[in-house]
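Order as written gives the chain letters A, B, C and D; numbering starts at 1 within each chain.
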Amino acid sequence: MSKQPTPKDPQFEARVRDSFAKQTFMATLGARLARVGPGEVTIDLPVREALSQQHGSVHAGAVASVLDSAAGYAALSLMPEGAAVLSVEFKLNLLEPAVGVRIEARAHVVRSGRTLTACTAEAWAIDAAGHERLVAILQGTMMCLQGGSRTG
Amino acid sequence: MSKQPTPKDPQFEARVRDSFAKQTFMATLGARLARVGPGEVTIDLPVREALSQQHGSVHAGAVASVLDSAAGYAALSLMPEGAAVLSVEFKLNLLEPAVGVRIEARAHVVRSGRTLTACTAEAWAIDAAGHERLVAILQGTMMCLQGGSRTG
Amino acid sequence: MSKQPTPKDPQFEARVRDSFAKQTFMATLGARLARVGPGEVTIDLPVREALSQQHGSVHAGAVASVLDSAAGYAALSLMPEGAAVLSVEFKLNLLEPAVGVRIEARAHVVRSGRTLTACTAEAWAIDAAGHERLVAILQGTMMCLQGGSRTG
Amino acid sequence: MSKQPTPKDPQFEARVRDSFAKQTFMATLGARLARVGPGEVTIDLPVREALSQQHGSVHAGAVASVLDSAAGYAALSLMPEGAAVLSVEFKLNLLEPAVGVRIEARAHVVRSGRTLTACTAEAWAIDAAGHERLVAILQGTMMCLQGGSRTG
């Protein structure tokens, strides 16, 4: 957590961006891949009516979706060339209503193993004045797939 | 779990259906409220390209979204008149790729308290031949809001 | 979940009992391995003062400990000969105070993969009259280790 | 997370230490309350044979126990006078075998609400040379009980 991890694949950013572009669901949500670093990924989700739950804030599932993708790509950024990533599990705590102009999902790798990677992620709601509030936190496990076949 | 709980509000189904209709995000996903019983809710999600992750199956976030809504409404079905529901937290294990023609999210209440309700939910992927496979399980906590104000 | 899984190792029960006997912590808790079936394990924990939290009920950590061991051994019962098991992660919801004369931790396998196994488990508190109450539920992931080396 | 929270009860440390002293299970484990700050608690667990799982490292349940207590007391430190704390749920990811001379469980409050408090906690394994490794992370919810009665 404290030190910057070294990516095994120098092309990690291109690999993450290519995979994100194939996640049609991210386009459906209107989510954008903002930042890709080694073991760290940020996804930006503009808030709009189409993402609402019954009280007008962003649905917990939409927040979970960008946190999960951010965590998955943070994990993928440290995996070797040719690897793919799958979510094994994640847990989300919802702290405040997700309201504002956009949600930023910021994920980082806590431990990167050969098969499994543990990640945490935070969702921040940003209002029109640029003020940020932490609205959700995620803790999850990602799995490395080699050669396209699931190893789990 | 074993015995059928008694709803406090005889109008529970109408209340759940009204609230679901206000979740714009469910319409964005194309999800439909299939069944509402006391402490039990099923949501149906037709599979389509717009919900995909990078390998073509339904994104874990879309699966999480319908499981979370199903769990929240299972909880709401047992809450008193005038109450609203919020997700406190949930945990999702992804067991198999979510592929098929539709996903069924089936939630039920495990324990219903005055403030907090614990739920579990299962996501089943159903193929064109009607065969079902369990693809994800959720365990989570919902909170009862009285008079529109958050009590937590 | 619905059908009885077939264990890969006919000696699964002996293997589980041998491993349990090596968990010194289970002896420290006073826990006993009650039942070992294919994909299903029950651990019995007599309630005593040494396991209490500040209000007199059994500490959530003691409940978590027997649920985690039960889940791990349910997973191990379906793993091939020579395999070992490690907990990857688990999530616990505490539903009621764990009071009574004993706690029964009942775990079963939801999906058994080559590397990862998903399990759920329930903790039931049983009073002097034999009445049972569900006090906690667990959902978690176990990992198969082949040849003694961690694959994750 | 970034700024130091202000405790509602100036006697928070004494209140936490009194409650910890009543957790008989912490004495059974051999755990000690090391540090109590506003919204931050550290528990120290000397490693010994009595806490082992089948491969000789500290059992995940023992690690969970000190993380849960640390998280609960971090939450209690910010609660008003007369309040008590209960664990609602927690999720644990196990990153590395918990081996060494002692385990330090470090918890802090992420969001403190009137009824619910969200916490995260880390377990660090410390070897004889004083080197630290992160072995587990927890994310959970604690509940405030007023006047001794459960509000959930």
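We adopt the following convention: a residue touches a chain if its C-beta (ideal position, glycine included) is under 8 Å from a C-beta of that chain, and two chains touch if they have at least 3 such contacts.
Keep in mind the model is a prediction, meaning the values are calculated, not measured.
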item: Chain pair showing more contacts of the two, A-B and B-C; value: A-B
item: Most distant chain from chain A, judged by the mean position of its C-alpha atoms; value: C
item: Distance between chain centroids, defined by C-alpha means - chain B, chain C (Å); value: 27
item: Intercentroid distance (Cα basis), chain B paired with chain A, Å; value: 22
item: Touching two or more other chains - residue numbers and ranges from chain C; value: 88-89, 91, 93, 141
item: Complex contacts: residues of chain C adjacent to chain D; value: 19-20, 22-28, 49-55, 58-62, 64-66, 68-69, 84, 86-94
item: Residue ranges of chain B in contact with chain C within the complex; value: 1, 91, 93, 95-96, 110-111, 118, 120, 134, 137, 139-141
item: List of chain C residues in touch with chain A within their complex; value: 88-89, 91, 113-116, 141, 143, 150-152
